[in-house]
Structure formats: structure tokens, C-alpha cells
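In what follows, chain A forms one complex with chain B and a second complex with chain C.
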Partner chain A sequence: MIKYIIKRLLLSLLLLFGVSIIIYLLIRLMPTDFIDVMMAPRIAGGTVTQAQIDAMRRFYGLNIEHPMDRAHNLVVVGGWENFFANIRSFINGYWSWLFAVLGGDLGMSFMWQQPVSTVIGDAMWISFSLAVVALVLQFVIAIPLGIYVSTRQYSVADNTVTVLVLMGMSLPSFFFGNLLIMLFSRNLGWFPLSGIESGHLDLDNAFRVFLDRAWHLVLPIFTVTLLSIGGLTRFTRITMLEVLSADYIRTARAKGCSERTAIYKHAFRNTLIPIVTMIAGILPGLFGGMIILEEIFGIPGIGQRALHALRSGDIPFIMGFNMFLAILSVIGTLLSDLAYVIVDPRVKLDR
Partner chain B sequence: MSDIDKKPQEDSMANEISQREVVNQGKAVQNASTSTDVKSEAKPNKAKKDKSGYISGKESRSISKENNRITRMYEKRKNRKNVPESEYVTQMKDSGNIVEFENLHTYFFTDAGVVKAVNGVSFSIPQGSTVGVVGESGCGKSVTSLSLMQLVQRPQGQIMEGSEIRFKSTIYKEDEKGSQIPIWETDAAGNVRQSQKLDKKGNPILGADGNPIMENVQKRDHNDIPMYETEERVYNIAKMPINKMRKVRGREISMIFQEPMTSLNPVFRIGHQIDEVILLHMPGATKKSAKNRTYEMLRLVGIIPEIVYSKYPHELSGGMRQRVIIAMSLACDPKLIIADEPTTALDVTIQAQILELLRNVKDKISGSIMLITHDLGVIAEMADFVVVMYAGKIIEIGTAKEIFDNPHHPYTIGLQKSKPVVNKRVDRLYSIPGSVPNPIGMPDHCHFAGRCDKKIGACQGPYPGYTQISPTHKVACHLYLNNKDNSGNND
Partner chain C sequence: MDENLKQDSQLDKTVENNIDSGAEVETSQNLKQETVSDNNETKKETAVAQNNVKVISPGRMVLKRFFRSKLSIVSLSFLVFLFMFSFLGPFLTSWGESEADESPGAPVVVQIRHTSRTRVEDANSVEMLLIQMLAPHLSDATIANAQRALVDSEFLANNPNARLNNNDNMVMLARLYGTNSEGGMSATGRVSPAGGGIFMHANPIPGGPSITTPFTVVVRGRDHHIYLGVIDEDDGPYGTFIITEREQIRHSNNPRERNINARPNANQLLGTDRSGYDILTRLMYGGRISLTLGFVSVAISLTLGLLFGGLAGYFGKWVDNLVMRVVDILSCLPSLPVLLIFSAILDGMPQIPVHLRIYVVMGMLAFISWHGTTRVVRGQILSLREQEFMVATEALGLPVSRRILKHLIPNVMPLIIVGAVTSLGSMILTEATLSFLGLGVRPPAAAWGLMIASVRDPQIMIQYPNQWIPAGVLIVMAVLAFGFLGDSLRDAFDPKAKR
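For the complex of A and B:
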């Protein structure tokens, strides 16, 4: 088992290396960069010279030519020499980033002027608390609901749940979220419009702060939960139906087991097997934040940060954030493989 | 103009849609209930349906509405709480029998119509004997056995009103408070033995006067499972409520299924699965005594328990798994074992071993076996009595010797001819032409008439009654109906 885990971790290093190359390549190919975005108003106002902009570029290490210009340069101006110089600068940029990361330094975020790890570390926990609560709610509601309807296939309850759950699945979060904001925040005034903290708050009273945050998170959590239980409910229902028609459930009944034991002991243990595969996707979702949802509800979580960083071309942050997600995905997959061993005795990892 | 053009087109489209609907519904029905063999047995028939057999969506809806009404009625009755015992306690017709089926009807209410899977079956299983039930796929033999266990797929499958399945049950005697009465250990003089009452640490508990408190010693079997007094009671299983039936399942009637590969739960250890039955049905059994009993059962079926007890099903071969299932079915000393095609999924050498095992086991527990198979070889080897079923009805019944030496029904004769025989040269194995008829809406004449090579004019008439060939042998065929000189009395 330990041998397997070590093997998997070594393999994932290789995987992360590939991922980092792809992310870096994609970001550098973006038709704009941080300086362009930052300087745009001043360029429009004419208060900045090209020389200053070039100096800024050099300062940020962005002083290779724009990919759109590259073709032009290649043919008309500099020829192959210039092209290779660009490639070299590109590779140098990647290497310096990679060695810094290996040394434990994710770099400084252009936008927030703070180390990337600090930005991620700060914003992560808000998103995490939001996601954990939503996830727990999702599991607590969806799995029992799926089991309940699977034992009453095609009944009124089953059809009602199917319709409602499909409606939830099909609603986009930006639409449903805004609908809730309009209803509960603007019209009824029950919940705050956006943000995570009220303005006048005694920050010394930890309990009050907690209550205030919880109050701000009610609508986002409700939105996420409602929109995401659909998939899990359907999945549980389908798996449970399949398991319930298995021969060993008939054996359990023929043994004299009560319907309860047959369903919750014999069938449920088998239903868990496909459900644990979902662990792989849960981990990055927990820490990665919900980009659209956080933007709508104005929650300063990691999803919102990522969206802003992406818009402004904050290369260190985007690199750091995506590597963070990639590592989480790798760990998630590993965890789900290990969970498989626990729930399904037929799986052996050592071979 | 365009309206006139459109009309026939629309009609044909509507036609197509309704046909598709029916096909889809057929699929849905099959999907909904693959858990019983019954339905999967009925599958080929449905696929075979010819075009005229299709029903429109409207008809199908009205059928399903009617079905819902009927099944709801039956379910309601079955789910009642506190059913008075007088409703399902009855008397055996012949005390030598362990099970008596009388006029059993088990129907499946599908969206395409009512499938009469078992349609008026009556036979009995004498104590200590093996009764073989033969017939081809879809003839209702599995449903008969599932009806006996009340395991028919609900709510579509229902045992109809008027059916009786009498089972001689041995229940634990209960005192006024509803608890079981222990059997006390006695010494040679017939006095109840007593011992000191011990606390959990094994120290004697002292009474107020300083003397140890004495208590009666309960009789225990060699596995340390306490024994309780039992009494006999005859139940009508067709009317038994589910919670009472649960006490019969696994304890008095146990079942061996066709598929050893899928009949054991893959996520639990073998030992746990056998222990579960014992803990469920034997009052006072502890984990330790249940394990002892499991070890004993595994040894009985020729498995080394020390190795297999803590294994998972996937670590065993098919034959081993079937042995485990047999061990599981024996765990509570059942009165009747239903073996539903126990050897079909095994290869020939293992088949012989399993049959040998079943025979030995039957002698040891002095129970009966209801053996369901389509393999006449297995029947010849095992059975004392043979029931031949076709399309939900018994067409011939008799002792094994009578059925094999002197078969009467053309179907039985056909079955025997289609079995390969060693040392006999034939160019081509005989096969009965055609297949089992569509189970929906079967007409009231001999269901085999369409495939019979000895068909006579009377075969188009009403379904034939039974002709008694000998006291134990009867056949339902027009050929013998008026032929009294064959032997004995007409039924």
C-alpha cells in the first residue's frame, strides 16, 4: 500500500510538471498582459510614455515580445534570431518560475502586491467554509433522498423528486443566485445584498463576527446546495436501483433480513463503491472556490480572486492558483483510489 | 389539398409512435424487474410478439391504471399491521406433507397485460423427500418457488386471492409475555439443574443472606446456542404478512440460487454472511456461538472453515461459492430447501459434486428439497417426485420412476427425447418445435397444442382436466382424457 502511494506521488510529480508547462504556455500566449491592463487608462490619457511602459515590462519580467507581433518580427524585422531570442526568454521565464516554486516560493502577485501563497492562504478559507457546508448539506440531503426514491421507483414521490431535481440541475447559478438576491435581499430584506461582513461590526466579539458571516453566507450556500443536489440524487438513485436488483439482495431477503437491513446494510455498502469516485472531484472543489457564485454574492473568496487575476493577467497568481488546483486534483484522485480499497474488497492496489 | 395529403401520413405516424411506445414499455417492464428470474424468463416471449399483438398507448395506459388499482389493493392488505393470526393459520390436508400448494395463482401485472406466470398449480412436498420441478424457461417454475418464499417481485407480482400455500412450520413457543420458553437442562432424575448466578466477570453474585443466588441452567447445543421450546403450526404463506414471513425465510425454508457468482454480497466476508443468518434466526446466539455453527456448516459442505471464513466471495471459485450458499441455507436446520437450478451455472464435474452434497445434506438435516431445474439428468438423479410444468400449469406429475419410465404427456415425452443419451446413436437431437406461447392473454385450451405432434381435434377445446394414470401419477392431456382402460379412475 505504502509502495503504491509513493509510486503514485512520484508519478503525479511528472503530471504536475506537464500541467505547469501547459498553464505557463497558455498564459504567455494571452494577447494582453498585466502592464497593458494596468496602464490602459493612463495610455488613453496620454500620461505615460512607451519607454516607461517598456521599463515596467522589464521590471515585471514581461519583456518578451507579444506573440501577435512575433510573426511580424519573424518575417519582416528581426528574422530567426529575434524569434529564438523570444523563445529563450520564454523558457528562461518558465525555468526561473519553476526553480522558485521548487524552493517553496510561488512569487509575488502583481495585483495584490503580496506573495501568492499568502493571497491563496487568506482567501482559501472563506471559500472552504462555504464549500464544506454546502457539501455536507448536499450529501445529507441527496444520498438519503436518492435511496428513498429508489425504493419507490416510478411512484409519485419518485417522479416529483425527479422533476424538482432536474429543475435544480438546469438552473444556472448566476440566474438563480440573482433571483434569490432580488427576492430575499432587495424585496424582503432578510439577508444582506453581498459581501461577507457588515460595515459596523465589533470585530473583537468573535461570536458576533461568526454569526454575521454565517448570515452573509446563507444565500450562497442555499444556492449551491439546491443547484448541486440534483446530480448526486440521480446518481444515488440509479446506483441504488441497480444494486437493489442484484442477486445478493434477493439472497439477503431470502435469508430473512428485514427490508431495512437489506437496503441500508447490504445494498448501501455496494452503492458506496461508485459514490467514492466522486471524492476525486470534491477536493479541488472544496478549496478552489466557486468563481461565478462568489462574484455574484461579492464573497472575497479564492474564486473571485482567481477571476480578477485572470482578467488582469496576474501571471504569478494564475500559475500559483492553477498549480494549487492541480495538486488538489492529484491528491483527490489518490484519496478516491484509497477509499476504493476501503469500500470494495475486490480492489487491490499492490498488484 | 394539403390537409387531405397529411391525414394518412399522420395516421401512420401515430401508428408508429404507439408501436414504439409499446416496445419501450415492454423494455421498461423488463428493466424494472430483472431481479427475479421470472421476468427474464418471460423476456423472449415478449420479443417474439407479432405485430398484431401490439397494443396502443391508450390501451396500455388503461391497463396500467387497472393494474395499479389491483396491486394497490393487494399491497394494502399485505402491509396491514397486526394481522390476526387466524387469517393465515390453517391445517394440512395430509400431515405427511411439509408443503401443500393448492390452486396457486401468481400473476404479474405488466403494462402490456396480466402475465399469469403460475396459473392454478397444486402439488405437495412430502416430508423428507425431493420433489423436482421441470420445465423450460418461462414455464413458471421459479415463480412457484419464489411464491413459496414470498419473494415475488412486488408490487407487479402478486399471489392471487384463493391461492393456498400451506407450510408446516415449527415456531418457537411463546409464553403470555411473548418471549420464548427455554428448555432447561435436567439431570438423570428429571430435575432441573441449577448453577450459581455469575456476574460479567465470572464471580458468583451473592444474595442478601450471603448465599450465592441459584438459577436454572438452559440447555445448549454443542455450539453453545441456547435451546428453546418449539411447537408446530401450519401457515398459509399466501396470506402471511411480511414480518411473519421473515421468520420463516432462511430459518425454515431456505433457498439456493442459480448464480453462485452473484448471489453472495461482494463486500462482506463469507463468515459474516453465514453468521448473519444464524444471529437473525437463533435466539440467544452470540457472535462466538454463531461462528462455531458457521464453522460446522462449512465443514459439512466440505470446506475448510479456517481458510474460507474470513475470505471475500470473489476469492472463491464458483463451485466453492455454491457450497458456501448451501452452507448458508443449512445454517438454521431448515425444513425445506428450495434449490433453484443449483447446478446450471457450474461446470459438469462440479455439478456432480454439488448434487452429491445436496443429497448427503438432505439426509443429515432430515428435510425436504424442492429442486427446480430444466435438466432431466439432475431430476433423474435426485428426485423422488417430479412435477412437469408448462406455461404456468402442471401438465404431468408423478414419481420419478413413473415420469421417466412411463411418460404420458407429449411435452414430457418431447423433453426426454431432447436429452442427449450416452451410448445411443442419433443423427440429430430431438427438439420440440416452437417456443413457449406469449404469456399475456392465453386462451382456454391446452397451451402446448400449438407445438404438439400428437394433436387431436379435442385439443382446440377447453383446457383438459387431469387423468389419473396411477394413484401418484396424473396428466393433463386430451389424449388420455377419455381413455379409461389405461389405468384407473378419471379425475
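For the complex of A and C:
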């Protein structure tokens, strides 16, 4: 077991190495004069002068010597004669970034003028609270629902749930979120429009602050839960159907087990096994935030920060955030494999 | 028929005959009805006649099972409708994708449910109820029209003190005042020239320290701030205050005199958006983009997946290892951030012309999704490789290419087709997300996500739901239809499915 874990960890490190190279390559291909590109229409329109842009770059430290700043646009420094110079600069840049990261320094964010790790750490917990509540609700609703309809296949309930579930999986998140805002915030006024706290609140009363924040988060949580229930219900239903037609359930019934025990004790446990493998996909979503929903509902989580950074060319943050998500993916996969082994005694580790 | 295929279908039929499903066994009654259409099956018919089974090829069996379910017929017909709507529809509408409706627009009722109070200082002093229209973007022609209409109407004749005045940004279309015999004020005027004007109806209460003047103003199609003020002719403006409340006014920002934000009418069945484009036509063009992007990306991703998954599954060992490591790395990349980075890179490459951008976006979408297909194909091939019929083909000495092309691939196809149809749905969702964020096709081209993005303006969200809700509904229905289609196909392909 320990040997397996160590082997997987080493493999994961190799994986992360590969992922970091790809992401670094993509980021190096981004135009460094991103600010200029973004501002070009405004310069042309006369609303911003080049001098102001230069001042902004100085303010954001874009002309400070930083490993990430030695980036040239690989395409623009053109021509095949510059090819080797480009490669050398790429390798140099990558090594310096790698050593910095291994020393714990993810770089300094341009936009927020703080270490990237601080920026991520601060904003992460808001998204986490949103995601965790949605996750719990999702599981609490979807798994019993899936089990319920699997025992009543082809009935009215089954067909209705199938259609509703498929509809939930087809809804684009931004459309549904905006629809809810229109209905409940603007027309009915039941919930606030955006943000996570009201301005006038007395910050000392922690319970009130908590209630207020919960009130703000009702619509986002509702959206996320509704959109994710579909997949989980479907998965549970299919797994449960497979399990119910297995031989051991038939044996249990033949031995005189009540239907209730057969379903909830024997079948349920075996259904949980594939669900455990879904941990791999859940972990990045838990900490990584939801970019679009946070933008629509105005939640200052990490997804919103990532969107701002991506739009303004905050390269250190983009690099740090993407690596963060990749690390979460890898850890998630590793955990789900381990969980699979623990939960299912039939699975052996050696191939 | 090819010998190998015959052997295969024999094998399949024997397998199917042995399965205790009862779905494939037809009674001799049906035999009579179908004999006519299946004359090339007669040879096999006599061969298995003793089993009293009717024999049709597996492909037709699948189609038969497929059309049995109502759901699949409904979803298929909806998809056919969607295709015709997107690709043939634009020929039927009279609007182009980015063709703005240049007519001045239907009259916009500006109702001011607000009473203003003006003080009447002195019954004898000249007081004027002044209505100014602040319309900085009105063209000269429109102003001239309005003034001419004012002149043509009887208004000026009836109000000898009313005057027309031009003043920088303000066009005073009418200035009216008057005193009635009790010393109060009365002002009534009705002006409705063709080019745009004011219908005024002011009814002040005579005398007293305050006047309540409710009124209704009807203005045609422009953005206005309406000032109500009382001006003392000798001393200049007494006071002006804006009496309009934005929420109560339905107006349009119309610097170039287009018919923008129109409600659904006979000309434009779903109205127009804030640039004057017809919504229904843009829905059709958006459908073209979504469907094309979906199909091409899925096709590319499918090809790559078949190629690499096939190589990995069939040849095994180091090829398998290499391909799976690459797939693992790609599957760890976060999809939306990477797509955003790609778009930023695209923005920085000025040498890519606008109309090529969409093809690059297709490539981006395919890049994000091909690792999933590869995994599925590899898994399926790994399990198929050890089955008896593959061993049989090897024993028969068939060349590798024939083994792969004629035996392995047709058995992988069902899973691939089902996966492709389902991922079409998610590809449409991804494309909509990209264009919502402004990273897909650029305006003035139409895309469903782009149309939903107009909801950022709260005015449009509340008052013009006809601009963004249809696009969302179409997205949901398209993805739903593809999902149902995929489900039905999967049930149709599976010979062990319960009827």
C-alpha cells in the first residue's frame, strides 16, 4: 500500500511538471504588451494617453525586473533566426519560475500588488463556503432521489425525474443565474442583487453577519445545486440499476431479506463505491471557485479574481492560479484512487 | 457480400439468438410482411428457418429499436427543425445578421407620472412653462422637421408668445405660456409633427403659491431628458429641474436614429436589440455558429480520440503508456482558464483575420475535449481485443489493417457515436459560455451566448426579456435534444435493453 502511494506520488509530480510546462508555454505566448493591446482602442479614441499607460505600468511594476517579465512574445520576436534565442529565453524563464515556486514564492500579482499565494488564500474561503454548502445539498438530494427512482424504473416518477435531470444538465449556468436574478431579485425583491454583504450591517454581531451573508448566498447556492443535481442523480440511478440486477441481491432476496434491507443495506453500500470515484472531479471545483457564477452574482471569490486577472493580463496570478487548480486535480485523482481501494476490498493495487 | 462480414453477422446473429431477451425474435406473422423488403436475406432465412426467426442486419435492428421510442423521434425532429431554422431560416427573413432597422421607430410613449410644482410669483409677471428637449444627437434634419411641423400646426398661431429657439445642445421645440383671465396660467398645446415633436398638455391650477402641473408627454423614439422649468423672462431661468424618472420611462438610446429596443411587432417577430438588429434573425445565425462549432469540434476531437485511443489500446506497452501520460497531463488542465488564455493569445495575434477566428475557436474546443474520447476509445478497445472474434481474425491470418478497420472499429462505433452525440450538447454549452464572456465570435456577428450577455444592462434584463430569454431557451432545448438523442441511441445499440 505504501509503495503504491509513493509510486503514485512520484507519478503525480511528473504529471504536475508536464502540466506546468504546458501552462508556462501558453502564458509565454500571451502578448506581454497585453495592457497596450487592451488599451489600444482607448488610445485611438483619445480617452487615455500613452503617458498615462506608462505610469500605470510603472505603478503595477510591469517594468520591474522579474523572472516572469523576461517573457518575450514568442511569436512576435519573429523570424526563424530568433528561434534559438526564443527557446533559450523560454527555458531560462521556466527554470527561474520553477525554483521560485519550489521555494514557496508564487510571484507578485500585478493587479493586487501582493504575493499571489496571499491573494489566492484570501479569496479562496468565500468560494469554498459556497461550494461546500452546495456540495452537501447536492449529495443529500441527489443520492436518495437516484435510489428512489431506480427502484421504480419506467414509472411516472422515473420518467419525470429523468426529463428534469436532463434539463438541469442542459441549462447554461449564466442563463439560469440571470433568470433567477430577474425573477427573485429584481421583480420580487426577495433576495439581494449581488455581493455577499450589505453595507450598513453592524459587524460586531457575528450571528447577524452570518445571516446576512447566508441571505446573499441563497440564489447562487440554489443555482449551483440545481445545475449539479442532474449529473449525480443520473449516475446514482444507473449505478443502482446495475447493482440491483446483480446476483448477490437476488441471493439476498432468496434468503428472505426484506426488500428494504436488500436495497438500503446491501445495494446502497455497493452503489457508494463508484460515487467515491467522483471525488476526483469535486476537489478542484471546491477550492477553485466558479468563474461565471461569481461574476454574475458579484461574489468576491477566487473565480472572480481569476477572471479579472485573465482579462487584464496579470501573468503571475494566472500562472499561480492555474497551477493551483492543476495541483487540486492531481490530488483529487490520487485521493479518489486511494478511496476506491479502501472502499472496495476486491480491488487489488498491484496490476 | 464479403465473406468476413457474412461470418461476422452470422456470429452476431447466433449471439443474439442465444440472448434471453425476446426482443429480436419475430413471429412468423411478421415474417410474411417483411419478406418482400428483405430478399437478399432469403439465403440466411432458409439456413435458420428451423428457429422461426426473422433475420435482419444489426444496423437495421438498431434503427428499428431507435424509432420504437417516442422520445427519440421527438428529439430527432426537434434537431431537424433546429437545423432548418438555423441554416434555411435566414433566407426567409428580410433582415440580415447585422442589419440595423433604420426606420425612426415606433412612437415611444414617455409618460411622466410625476407632478411638479412651480411657484407662480406674480399673476402679472410673465411666466412661461418651458419644456426643453435635450437631444444632443438629433440630426439637423429631424430638428428642422420638428420645427417645421410646429410651424405648420396651428400652435404658434394660437399662442402668439410661443417661440422657437435653438440653443447649443438644447432644442426648444416649444415655449408656451400665457395667462388666463384669472391671472393664472393656462397652457395647452398639441404638437405632433412627423419628424418628432412634443405633445403637450399642461394644466396648471390658477393662482396660489404653487401649481401642480401633471402632464403627459409623448415623444417619438429618442433619448430625452425633459426639463420643466419656470422662467421669468426678464431675469432668466427661475429654476429648472429634471422631472423625468428613468425607471418610468421607456426610452431608447438612439444616437443614430435606429429602431432599437423595439418590442415584438409584425416586422420583427421578437423585436430588436439595442443596436437595431432583428432578434429572430440573429437567433438563426447564432444557431449556425453553435451547431457548426459543435459539430466540427466534436468531429476533430473524435478523430483524434479514435486515432490515439486506437493506437494506445491496440498496440499497448510503451505506446499505451506514452499516450496515457499525455492524456493524463491534458486532463489536469483546468478547461475554462485555459480557454481564456487561448483567447488572450488570439487577441494578441493581429495577423488572424476576423473570419478565421471562429475556426481557431473550434480548434481550441477540440483541444480541450479530445482526452476524454481517447480514454473511452482505449478502454473499449482494450476490452474488445481479448474477445473471441478478434482472436478468430488473428487465427485466420487477416492483415492488421483489415482487423482494425473491418472488425475492431465497427464494434467501437456504438460507444463512440453515443459519446459524440452527448458531447455535442456539452460543446454547445461551452461555446455559449465562451461567447457569453465575449471570447467566441465577436460582435456584430451573432451568437446565442452573446445575446444573453446583453443582460448585463439591468434595463434590458427587466424590461426587454424578449432580447435574451429566447436565446437561452434555444440553448437549453438544443442541448436537451442532443442529450435525449444520445440516450435513445445508447438504448438502441444495447441488445440487452429491456423493452
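Everything below uses one rule, namely that the second predicted complex is superposed on the first by the 296 of 351 C-alpha atoms of A that agree within 3 Å, B and C clash if a C-alpha of one lies under 4 Å from a C-alpha of the other, contacts with A are read in each partner's own complex, and residues count from 1 in each chain.
Keep in mind that, in the parts below, a contact is a pair of C-beta atoms (placed from the backbone, for glycine too) under 8 Å apart; a residue touches a chain by one contact, two chains touch by 3 or more.
Since the structure is predicted, the reported quantities are computational estimates derived from the model, not experimental observations.
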| item | value |
| --- | --- |
| Which of chain B and chain C A:L98 touches, first, second, both or neither | neither |
| Which superposed partner A:M169 touches (first chain B, second chain C, both, neither) | second |
| Partner chain(s) touched by A:Y248 [first = chain B, second = chain C, both, neither] | first |
| Chain touching more of chain A, residue-wise (chain B, chain C) | C |
| Partner chain(s) touched by A:V19 [first = chain B, second = chain C, both, neither] | second |
| Touched partner set for A:N322, first chain B, second chain C, both or neither | second |
| Which superposed partner A:L179 touches (first chain B, second chain C, both, neither) | second |
| Chain B versus chain C as contact partner of A:L335, first or second or both or neither | neither |
| Contacts of A:P345 with chain B and chain C, given as first, second, both or neither | first |
| Touching both chain B and chain C, residues of chain A | none |
| Chain A contact footprint on chain B (complex, rising order) | 32-36, 149, 151, 242-243, 246-251, 254-255, 257, 259, 262-269, 276-277, 280-281, 312, 314, 325, 328 |
| List of chain A residues in touch with chain C within their complex | 14-16, 18-19, 22-23, 26-27, 29-31, 34, 37, 73, 75, 166-167, 169-176, 178-179, 181-182, 186-187, 284, 288, 291-292, 306-307, 310-311, 313, 318, 321-322, 325-326, 329-330, 333 |
| Chain A to chain B touching residues, read off their complex | 153-154, 244-259, 266, 269-270, 273, 343-346 |
| Chain C to chain A touching residues, read off their complex | 325, 328-329, 331-334, 336-338, 340-342, 344-345, 347-349, 425, 429, 432-433, 436-437, 449, 452, 455, 458, 461-462, 465, 468-469, 471-472, 475-477, 479-480, 483-484, 487 |
